[in-house]
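Note that chain A is present in both complexes that follow, paired respectively with chain B and with chain C.
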Partner chain A sequence: MTKYQIGDRVTVKDATSLFHTRTQAFVRGHTGVVVEYRPEWVIPEDEAWDRLENGRTEPFYVVRFLQTDLWDPYTGFDVDTLETECSERWLAPAKDEA
Partner chain B sequence: MSENHSHDPIQEGPEVGEFEVLEAAIRELSIEKGLFSSEDHRRFSEWAESIGPSKGSQLVAKAWLDPDFKRQLLEDATEASKAVGVDWLDPTGTGTPSDYTFFYVLENTPQVHNMIVCTLCSCYPRPVLGMSPDWYRTPNYRRRLVRRPREVLAEFGLHFPSDVEVRVHDSNQKSRFMVMPMRPEGTEGWTEDQLAAIVTRDTMIGVALPQADWTAEKAPSQVGGPQ
Partner chain C sequence: MSSPAKQSGASKNTPSPSTSFNTLTSLLADIAPAIHEVQDSPYTLSNARYAALRHVLHDVGGQPDLPVEYKEKVEEAWEMNTYVTCECLGWRGAWNSEMRRRAENDLGATLYFGLPYYARWITVATKTLIDKGLITPDELSAKIDAVRTRLSEERS
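After this line comes the complex of A and B, so read on.
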């Protein structure tokens, strides 16, 4: 059982990355929906140092964002979306939204 | 404003970049150590650079003709790729898969138009599409596709109405994507080979739509394009 399920709303943590990450800054702090799940793999923060044997492994999730939630102003239309993939440590349950 | 701008001659960039120097150093050391020969390296480069998008075109054409194959392609594209001779777990046939990768095919519908980008570098489904076009790897495309996808589409000549969702897929981790465009009108009764010919590289990146009168094999002047 993974921590997040397809359809869950998640917020990307607005964390710092000292060395290497694959979590793009433009999604940090933003909320989207889990649309796909990928099995566990070594997180990029460890893989970057070739720690394939003893690196930390985590599930990955594809998260879909509304473009209008990522960019202000967004120059396209309200229906447009963007999907990107995050390891579990970068995600938190979305706070209750009014 | 304008009196301050420079009229210096346009400069070319440095002839060799840092990574090219690094690659050359490692390659030459490997050859000296006998890990592979320079002929091995040349053959591999020649082979890798000659892979085109034909496998991807075949996948799309098969899916257009066979609903069962389409279902399999959308559910498990890694497995379905074997139908065109591509094994993602051993794509080079050399026993050196770069790492663990998932391959997904994104179906365009009247409601959703998919596009692919790698914002971090140049990730691209090379086993099925071959080498990426130069523009795909430019920072300009990578940053603007996520920020202003409709403008980028317009520059490629594509405009979608406000009720069509433009969905950008960033292959920033282990997933690789390819777009499955919609089958155009005017292709009824076509064979798989005929269909595959119109599924060009750009249609599988998502910056173009297949057209019954356009294949990448013919020069534009031969099919009524600009002379």
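After this line comes the complex of A and C, so read on.
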């Protein structure tokens, strides 16, 4: 069972990630929409330290952002989007949820 | 004991100590990290400075930088050999791609940005094999020296 559903608005946490990360700085603190599920997989925090066999697994999500939300100024079209993948621990429900 | 003829021959090809010192100095200046405030293990650190320092090296997306020239470049043999070697090490269970990326960060900024892409791969492959006790640093160094000697003989 996944914590987030397709269409949920989520905000990427801006947590400290020493030595290694798969959560790009340019999406941290930004809000996007869950558009796809990825299979459960070992989180990068374990996989990067040789724990592929016994590491913690989590659902991964494809999150879609508006480019205009990520970059200031963004010179492309307003409808342009960017998708990236996050493990569940890096996401929080968006606060702007009405 | 070397003959006078040999000595004069050597002085022709070998730079004088002052020339080689200057060469070494400029070479080091060229590759020194672009730090505009001296970082000599300071006693204190501001939160802002720490925030910049803890940023993970490989997370370059969106970081401020200068434009880079776009080049159409095909892979060379050594690059593909490196790729295949690293994939085989993964297939045989020595490491995985995340370990490689993390190990590349561990190189530090000078080596991370100073080495060509696949040179970064092969460097951390060797380091991981040493870390896991699969090879020893002296074995690796001896092999590197053997190749260096062979290549310098082939080129001379």
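FYI, the second predicted complex is superposed on the first by the 96 of 98 C-alpha atoms of A that agree within 3 Å, B and C clash if a C-alpha of one lies under 4 Å from a C-alpha of the other, contacts with A are read in each partner's own complex, and residues count from 1 in each chain.
Keep in mind that, in the parts below, a residue touches a chain if its C-beta (ideal position, glycine included) is under 8 Å from a C-beta of that chain, and two chains touch if they have at least 3 such contacts.
These numbers come from a predicted model, not from an experiment.
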In the superposed model on chain A, is it clash or fit for chain B and chain C?
-> clash
Touch check for A:16: first (chain B), second (chain C), both, or neither?
-> second
After lining up the shared chain so the two structures overlap, which partner does A:71 touch, if you call chain B first and chain C second: first, second, both or neither?
-> both
Name the contact category of A:60: first (chain B only), second (chain C only), both, or neither.
-> first
After lining up the shared chain so the two structures overlap, which partner does A:81 touch, if you call chain B first and chain C second: first, second, both or neither?
-> first
In the superposed arrangement, does A:48 touch chain B (first), chain C (second), both or neither?
-> second
Could you look at A:94 and tell me whether it touches chain B, chain C, both or neither (first, second, both, neither)?
-> neither
Winner by number of chain A residues touched, once chain B and chain C are compared = B
Have a look at where A:38 lands relative to chain B and chain C in the superposition and call it first, second, both or neither.
-> first
First, second, both or neither for A:24, with chain B first and chain C second = both
After superposing on chain A, which stretch of chain B overlaps chain C: 2-10, 20-28, 164-172 or 218-226?
-> 20-28
Interface residues of chain A shared between complexes with chain B and chain C = 22, 24, 26, 44, 71
Residue ranges of chain B touching chain A (in the complex, touch as defined) = 100, 102, 104, 119-120, 146-151, 162-175
Under the touch definition given earlier, write down the residues of chain A that touch chain C in their complex.
-> 16-22, 24-26, 44, 47-50, 52, 70-71
List of chain A residues in touch with chain B within their complex | 22-24, 26, 36, 38, 41, 44, 60, 62, 64, 67, 71, 75-87
Residue ranges of chain C touching chain A (in the complex, touch as defined) = 54-56, 58-59, 61-63, 95-96, 98-99, 101-102, 105-106
